[in-house]
Amino acid sequence: MTTTAIEVEIERPDLPPLPQPPIADLRFLEEVAAATAGVSRLEMCIQCGTCGGSCPPSADMDHTPRQLFAMIRAGMRDEALRSNTPWICVSCYHCVVRCPQGVHIADVMYTLKSMAIRAKLYKDSTAPDFSQTFVDFVENYGRSFEFGLATRHYLKHYPLRLPGMVPKGFGMLARGRMDLTPHRIEGLDQFRAILARAKELEAAS
Amino acid sequence: MTSPENSSPTERIGVYVCHCGTNIAGTVDVEDVAQWAAGRLKHRGVVIARDYKFMCSSLGQEMIEKDIKELGLTRVVVAACSPHLHEQTFRTACKRAGLNPYLCELVSIREQVSWVHADKVAATGKAKAVLSGGVERVLHHEALEPLRVPIHPATLVVGGGIAGIQAALEIADGGFPVIMVEREPSIGGHMAQFDKTFPTLDCAACILTPKMVSVGTHPNITLLTYSEVTKVDGYVGNFTVTVRQKARCVKTDLCTGCGVCQEKCPKKIIDEIYEAGLGYRKAIYVPFPQAVPKYPVIDRENCTYFQKGTCKACEKFCPTGAIDFNQEDEYITLQVGNIILATGYDLFDPRRIPHYGYGRLANVFTSLEFERLSNAAGPTNGRIVLRDGVTVPKAVGVVHCVGSRDRNYNNYCSAICCMQSLKFAHLVKERTGATVFNFYIDMRTPAKAYDEFYQRVLEEGTLFVRGRVAEVTDAARLAGEEGKLIIQVEDTLAGKQRRIPVDMVILSAGMQPRADAKEAAKLFGISCSADGWYIEKHPKLDPVATMTEGIFIAGCVQGPKDIPNTVVQGAAAAARVLGRIQQKEIALEPIRASIIEAKCSGCRICNNLCPFNAILFHEDRMVSEVNPALCQGCGTCVAACPAGAITGTGFSNEQVLAQIEGLLMLNLDGRRRVAEKAEAVLA
Amino acid sequence: MTKYLLYPGCSLESNARAYHDSLMAISGPLGLELEEIHDWNCCGATEYVGISLTPAYALISRNLALAAKQANGTRTVVAPCSACYLNLAKADYYMRESPRLGVKVNTALAAGDMHYTPGSLQIRHLLDVIMNDIGLETVKRGVVRPLTGLRVAPYLGCMVPRPDYEHRWSNPEYPTELDRVLKALGAEVIDFPLKTHCCGGHMTQIGPDVAYELIRRLVHAAAEYRADMMVTLCPMCQLNIDAYQGEMNRHFGTNYRMPILFFTQLMGLAFGKDPGELGIGRELVNAHAALARIGVEVPPAEAAPAPRKPRRPKEALPMPHMPEDMEVNQ
């Protein structure tokens, strides 16, 4: 008995076009892996949840680290970069040493932070601003400047808390644990040249 | 060496080039190759060259047989797949037609040509060269006869766990003698420590002890317990094994097993082996009441008499005078034909994972510790209680995958932990009514009635959390956690981190090879993988044989597995051995090395290189000799010998050099070509 | 005298000044010669690497390049601060593991006429050097006033024991190095279950609620184990647990008073140094009450009431045997 195959025409201009699929950028996983220092091993994740189980501040994260990795692998670029998870990460490295598959979780978190900044996709800017303020001082002086950092940060984000901080500030000052002026390194020009070049290289990659 | 240009063919060679469907024919022009052979290699002795779609098929083989008979072929060369696959096929075909099977050569133009090259012209050229090499080589083949060695009917079984017991009983029931060597004072292995077995919840001892008793009373089984193998010499069918029977310090012909010595012994120590460190035994002890044999053993390191010279209470009270402090280790030499290694596994040590708290936190237990707790003959008489020996837990957590599936410890899955964890959940619920949590990554319940057991445990109300436990801690952070053990885990299905307070934590620790597995493998001359499991001959098609003829493996020594699979492997190994014994002799491949005594200088470089311990050294004549029964023809010694004194049947120097000449097609236009080429290069 | 290049880091110059003071005070008795890297810059803490990868590693590597140039007779850089230590070690490690990164970093460094060959320096933490180079015997020999009777909770925090790519620590979750040093000083070291659990890091500035909870659990556990004080090696941890303890108490309505000192300060005390020299008094949660216990004449061991160990019922099952350096003090 012979059967005839049913042939379907591919080109059917008389039919309405199909709707676009929801955005799932499957290259996102590669992008994240490529932008991470060292070898991330992100593709090895078996979703066991050890990272989420170990993470001290996980209760305050939008997504547990494991959920975030599932989202990355599913290509959910926007949701992943908007998640507050990497900003809440405290870099305690519990997840890294316990992960049975050797995923470099903490480094992936750093990558997501810098990608979120570049794409301007963070919801709450407290954490990115804090990092940026810290970095601004370092780039200007070559050293961090806690007094400056604290005042600028609290003025911008928690102005109402500043008065409450004053006693502690005096306490630290009195015990010689805080400087009121920043310390500048000698080779500041050379230092800035290095950073400028590094930024060029980063933008090009 | 025959000189290519001016020899007249002395042999009649048949050449067969296989298409292998499109595997070879898709890249190599097989018809061309066959025609080329018929023409250009005629002067070397090729009388017929055919190509065919599938040489390994019956028609293909019949083609060869027909040609041998009708054309009087004296040599056959088949150009097809790798010899690993069909060398045996074509050799047997030749044999059927009356030609010695070793006068057949199979050259690979598939794995070595068509499967690795894309350029069809170049591939066809290479195929011709490979075939030419085969033709030159086969001219130097000799009609060999396989080596026949007799098989001694006795078998050595190393290890008295369920694998060894099964194997021993099958061989003994088959009518042949078995010697079983077991390191501990009693046989039984790990299975004797368990409480119940999954999925049937049979009592482990109840199903094991009848077999143990059979072994102990079987007329065909010689049981050597508290013994270890110290030396293995010989080869398949003829092993000479030395066994060290450690001194029990008890005369077994006088001992009645009454147990008074154990009662009176004043020295109580923690039993690390049988009770998994959870219970006690005396310095003179029988590991458990159903031990086979029933004779106790004195643990010299802990016996007051051996350490300080006093006490001797056992001797005083023994009603039959069976205690003998002067007993010495005995060395027994055995002759056996086959050896079955069934030495089992060790438990992964969870002290290596400090964030699970084992060893620091009192109420964290390993799986083996829990088995002893649950066992009615255990240290708590089967009451499931906390480490204080009194309190019944109200909430228990069972942790899967401890030390398994983890590149920080052991990469593999230990196969039994999921089922074992379900079993624990069931037992805890049944005995204590406690709330039980199981923490898993995946639920692995593949075999018969296994998933049904999972369903049962679900019905009983055990709570399952899909998440790998991150830590077990006693540091209370929230209300309700004080005084408890807190299991911190991400419930991946709910998407939240949870802190679950429990009273008791059971760690399903994985399986590991025995601590001395590598040394033991060396002793027996078999291969052991990097992580310590013994290597089977073929992982799919030959799981109980090893690369060493006459030595078999069964049970967890080959890799983690459950009891049904262990029993199957024990029986399989026994069946193989029985088959060998029935045949009374075994034919060994005649492809092996041999040392030309006249050329051997006695340097002994080859002796230690041999992976199969097949080379002996004769002190009187100062020469080495290859034992043909042990030699596997690997060629290491041939390459290593600085004097070139080692050659091999099946890979003699003449054969290899001839093959090279054929590959370089020097057989076609003779040495003139080499000379021309050399001139061209030097010019 | 063993010589090392010192990378102090920004904290040791400001909020962890006590760490610096005490380190200088004990280097003599330990035979530790420290030469500060000239004109070092900030390592970026955990902030820079979250902004941009190459500049972050270039920033760190300028220090490595300076140290390599300055190295005369020593190839080892000692960093007392956890974040600095981790950054320097990680930069060197990743540049070795990923040549692409190494090339980028050195291209950036070249703009300042600098270069660093990955692997040319050894980055070690101060505790590692004290344990493994100087050795506990030397430490014990320097002890003139044993800290007998002082119950301490050793606290290492996260970034020193982990991720430990070079395998310098006995265990990334449960290292015993700090315990052993403190024992060598004569102190009573408790088996602190949270010794490598996070203090909250920079969450005090970004998400204080998260940080307070993490600080609280540490302080509570130390109090539960009846520790007189916590002893740490990380400036951030000391800052969080010390300077933010008041706010944490206000947030939860609790009244913990758990002092936290640097281990170098305790070493200095045991070596007989004056508390002022060691920066004692710089802490906000005052350590004087706890230290009074060792400032006074210690009664002989027999007279001191032995802490009541809970009596084990005779039905109790034996505990598994643990290696010597993990002997537990309840």
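General observations
Should a chain be cited, it is by its letter among A, B and C, assigned in written order, with residues numbered from 1 in that chain.
What we mean here is this: a residue touches a chain if its C-beta (ideal position, glycine included) is under 8 Å from a C-beta of that chain, and two chains touch if they have at least 3 such contacts.
The model shown is predicted, which means the values in this text are computed figures rather than measured ones.
The greatest centre-to-centre distance from chain C, using averaged C-alpha positions, is reached by B. When the interfaces A-C and B-C are ranked by C-beta pairs in contact, the top one is A-C. Measuring from the averaged C-alpha position of chain B to that of chain C gives a distance of 48 Å. In whole angstrom, the spacing between the mean C-alpha positions of chain A and chain C is 27. Contact of a single residue of chain B with at least two other chains is seen at positions 355.
Taken residue by residue, chain C touches two or more other chains at 173, 197, whereas all remaining positions touch fewer. The set of chain A residues that touch two or more partner chains comprises 59, 94, 97-98.
Chain A contributes residues 35, 37-39, 56-57, 59-60, 86-88, 90-94, 96-98, 106, 109-111, 113-114, 117, 126-127, 130-132, 134-135, 138, 142-144, 146, 150, 153, 164, 168, 171-172, 175-179, 183, 185-187, 190-191, 193-199, 201-202, 205 to its touches with chain C in the complex.
Taken together, the chain B residues at the contact with chain A in this complex read 355, 401, 405-408, 441, 466-471, 488-492, 495-497.
By the touch rule above, chain C contacts chain A in their complex via residues 10, 13-18, 39-42, 44-55, 57-59, 62, 90, 93-94, 97-98, 101, 104-105, 107-114, 158-159, 162-164, 172-173, 197-198, 200-203, 205-207, 209-210, 214, 243, 246-247, 281-284.
Within the complex, the chain B residues that touch chain C are 270, 277-280, 351, 353-355, 358-360, 362, 373, 379-380, 387-390, 473-477.
Residues 46-55, 58-59, 63-64, 66-67, 94, 97-98, 100-102 of chain A are the ones that touch chain B when the two sit in their complex.
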